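Two complexes come next, and they have one chain in common, chain A, joined by chain B in the first and chain C in the second.
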Partner chain A sequence: MAYAVETRDLTRVFAGKKRRFRRKRAASEGDEQLGPVTALDRVSIQIREGELFGLLGPNGAGKTTLIKILATLLLPTSGQAFVAGHDVTKDPFPIRQRINMVSGGETSGYGLLTTRENVWMFSQFYGVPSKVAKQRIDELMHVFGLWDKRDAKVRLISSGQRQKMNMIRGFVTDPDILFLDEPTLGLDVNAARTVRDYVMNWVGRERGKTVLLTTHYMAEADEMCDRIAIIDKGKILACDTPEALKRMIHTQTTFRLEVDPLRDTSTFQGMDGVVNFSLKDDASKNRTELTFILEDEAPVAEILSAITAQGAKVHALRKTEPTLEDVFISMVGRGFE
Partner chain B sequence: MNEVSARRSDLAFRIALNLRSIRGRAYPRIIGANREPSWIFFEAVLPLLTIAAYVFIYRAIAANQIVNANAETAARILANTNALVASVVLGGAMVAFWLNVLWSMASQLYWEKEIGNLQLYMMAPMNRMALLGGMAIGGVFMTSVRAISTLVAGVLVFGVVFQVADPLMLLAVFFVTLVALYGLGMFFASLYLLWGREAWNVSALLEEPIFFSSGFYFPLGGLFNYGGWGSVVGIVGSIIPAGLGLDALRQLTLGQTAFGGKFWVLSAPVELEILLVLAIGFLVLARYALAYLELLAKREGKLTSRHQ
Partner chain C sequence: MSTYWRTFKTAAWLGWEMDSNWTEPWLFLIYSIIKPVAGAFILVFMYVVIWSINGIADPQSFAFLYVGNAFFIFVGSTLFGTFQVIQSDREWYQTLRYVYISPISYYVYILGRAFSKILVSIFGVLITLGFGFFFLHVDMRFTPDRIPLFIVSLALGLFVLLAIGITLGAATFLMARHSQTLAEAVPGVFYVFCGVLFPLTILPSWGQSIGTAIPLTYWFEITRRILLPFQYNTGLAAFGDWEILAFLLISTFVFFGLSLGVFRLGEYLARKAGKLDMTTSY
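Now for the complex of A and B:
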């Protein structure tokens, strides 16, 4: 079986900051920021050719670190990573010929150049003949709705338009493997829809094209990906199709409650029948949203009693179909935010 | 991967890839120089103020000396002053290249990292020297606008007269000086990759002292005439290729006999040979330094720290 991407026990540890003059204070206060950080912890995944594979996890989970290693920009501390069958540490040239990467919120390019010139410039670093590059750029400008801005200087366009330009930069080199790191970050609904549709069509239409997508948007991962790996604190917690992941908690029940802010949530932790729960504060409404993953519906009454016992009101209660976030909550006991 | 994704990696492809990369990276600088008319104005006009300051000081000193001098001495003082003014104009033109090397070559990879371009460059299959080469060629083109305008203004405003006896030699010295200067810039760019924000301070530190030690506004040989510390400063300044390059250019445009032939460091052909060695040395150093420092940056996560 040919894998587009394969990692074996991939680990990356960042050494942490060296603050010579503050080491003593930091050590005495237990400042964890200064110590080594394990961004990836023995990650093993296989992504098949032609697959749209998602990495789903909260900020700081290790998604970007994994992509940077696969893009030959970062060396692993231990373990191995192969892209298109080549080792990222030993044989980067053939990998670089076949890949490209687009990150959300990217500010790359030069403000003095037009959008078209910027994309052309990056295409030259991959050896794409100018004529071919310009033809592709024009096509992609139409697809992504940037044709009207083709001759606008990059410093004068909006961040959303800039992100569209970055997407075009990613496709203009005709990569076999495309790394998309939060590609719809900062895009409006329509632009995000265009990006998602194009990526899905590209993988479906072109033979052997592979996408590794990182996102923390559940719906995006659910809609786009053939398979998803859920990652948290550098570890892969689960890896399967979105349907199979949701089936993992199919026997469980998901309830969402909107309540007044609570003083204490520790009472929910040991409650019988509660698999896990997460809470998210909505400061604008002065309310808290609770998500419970329950073995069955039995604990609902006890949960409501515990809330009202604190003098808090329950404003909404609904039973919902399991989402990928519920899978995550079920595994780690917190949401993505 | 399957046959659909088979990619070329033969020598012809690699040469074409790197030539396209050089052109691609040079493009923003060449175009950028023309897109901002205000830049052209500031680049061309403001440096003239510094040159004018030196010219007026030299002329004022000469005027003071001429007052009590006889005709023969006065003629010698005037000739020396004119040679000094021409030296200042030439130095002012070369300052543009030195500043470009410091701020647009040496510090450039640091700035590229800040705006998010560096990781895209390092992820591309092009040779890293093609990236630096593109930066250098674009920089030379961009800076030539300032250098040429400084020379033209020097001739028109200050009445400088150049006497070029050996134009081929002059071109060779100028070309090799630029290659050596930009080779040094490429080498610095590699070092600055790891220094981060400190690169800014190093560039600032290297500006004024090099103007002095490399003799941008006076003949470098003047430092050697002092002996002792003057020679030490002059030797250190000669490591920066602009020092010897300027000395040779002045000899070739003012004549060996200018300043009574006392202020030249070495003869122009010898200086050309040294410059050639410096050019090759800096390019080789840049090539290996960049490869090593890229590896180190990948190990320490410094190519990508912006988005971590």
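Now for the complex of A and C:
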């Protein structure tokens, strides 16, 4: 079966960097080696044509590195990657005819051009007839709420509006495979909603269109994706539909507790029945949120005792349905943030 | 072929918009006139200082340096234009990654972007020459029978400049903002060793060797032979016009081949090292 995207043992190592010209404080420090860093570690995934595939992982997990390799911006250190059946290393040009990429949270664009001109220019690089491009741009400007800014110079619009412009740039070329790297990062709630709806409709409406979406927003991945690969430290930990991933821990129980800040959390580690747990500090409330993945409900009493033994108060205790983050916590023992 | 033309056309449009669209058209026109004229005044001032020190007027030397300096406008702007594309797209506009992954030749894209710089430079050179001829009475002549030779030599000179620009520009794939230094230093080298302000014979022998190895030296030589009614002893007097043109033609081919090879290598190394869309925060 031909895949839209396929990687086989894809590995990317970024070489370290020597700092040679630092202060003479210590000779050894002057030759400090930063890295190497393994950004991707034998990643093998297959994305079918027409699929909306999510890559879910915390910051620094390797999501952007994978997208850069697939978009022919970066070469892998070893392994293979194929996009639309073409090898990214040996045959990038036919890949570029069929892909496009949008990265969220960045403010790219030529400031002296208008939003419309920016998008039109890119459409010309893809050989979209000018008339067709202009028609598509106008439609997309309406969809993404940028119509009022169509003739505004890019230097004069907000970063969120620039991001919308870049979304339009991604769709105007009508790619077969679209790489969306954190596309809703930095967008307001309504704009993010619009982006999510449009992407889902686009994949559903247009036959054979494939999207690889990276995100660290669990709800976004859960809502949008047909399948999700969970990635951490360059390794794919699991890959399945959101429902199937959540079913992986359906025999387990998830509890969330809101407590005063704890001095010591090591007591939870060896506790019987605790599969894994994570904690997140909420500085605004001066509280800590603990998420426990438990084999059953038996350890709850022991956990509460351990907390109160430290003099901390339990402000809330909830048993919840498993989320994708719980799947992640169950696997690696920490949350995304 | 249509992809190359489409890329070139769109990139040239972008370059022109960037070069001309930063202000009102009338202000851009005034700027385009004042800039070369101001450059000419610097030369006049230098000449007047030398004249007052020596006590001897030397209109031929003034014509020599004036024409050399006028055509050096092409060197600065074309080289800077090609260097700047990669750095500005990557660091300032952060568009390099999107341009690079589009189905175009990035090499042709850079040529297109540089083309607008050449257009602006042509205007600057014409203003400088016209100002020199009409107001400073620089001793120039331009006979119709020399027009074909002038056009061919100008085209070759510009091609060489683009090739050198892209060859050196390939290095900017791998460099951070330091490439700005390169963009300023390289034209400086050409200014000294290519007979722009003074003939090669003034340089020590090693300097003359460097000068004769750079194709721009031949371009300045043939341009002066076409535009000046006298021949200055530049150290290349032994060569006829067609020989000079042949040197320029050969070096154009060599440098274009070199630029393609070096560009591919720079691009490959940047893609390998992950520096294609690198942005630095210093």
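The working rule: the second predicted complex is superposed on the first by the 324 of 337 C-alpha atoms of A that agree within 3 Å, B and C clash if a C-alpha of one lies under 4 Å from a C-alpha of the other, contacts with A are read in each partner's own complex, and residues count from 1 in each chain.
Quick note on the criterion: contacts are C-beta pairs under 8 Å (C-beta built on N, C-alpha and C of every residue); 3 or more make two chains touch, one makes a residue touch a chain.
The structure displayed is predicted, hence computed values, not measured ones.
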| item | value |
| --- | --- |
| Combined model on chain A where chain B meets chain C, clash or fit | clash |
| Greater residue coverage of chain A in the superposed arrangement, chain B or chain C | B |
| Chain B versus chain C as contact partner of A:G208, first or second or both or neither | first |
| Touching partner for A:W147 - first (chain B), second (chain C), both, neither | neither |
| Partner chain(s) touched by A:L113 [first = chain B, second = chain C, both, neither] | both |
| Partner chain in contact with A:Y198 - chain B first, chain C second, else both or neither | neither |
| First (chain B), second (chain C), both or neither touched by A:M121 | both |
| Chain B and chain C contact sites that coincide on chain A, given as residue numbers | 14-15, 68, 71-75, 93, 96-97, 99-101, 103, 106-110, 112-113, 117, 121-122, 124-127, 169 |
| Chain A - residues contacting chain C, complex | 14-15, 68, 71-75, 93, 96-97, 99-101, 103, 106-113, 117, 121-122, 124-127, 169, 173 |
| In the complex with chain B, residue positions of chain A that touch it | 2, 4, 14-15, 49, 64-65, 68, 71-75, 84-85, 93-94, 96-101, 103, 106-110, 112-113, 117, 120-130, 153, 169, 176, 207-208 |
| Residues of chain C touching chain A in the complex | 2-3, 6-7, 9-10, 13-14, 17-18, 21-22, 93-95, 97-104, 268, 271-274, 276-277 |
| In the complex with chain A, residue positions of chain B that touch it | 1-2, 4-5, 7, 9, 13, 16-17, 20-21, 23-25, 27-28, 31-32, 35-36, 115-117, 119-126, 131, 295, 298-301, 303-304, 307-308 |
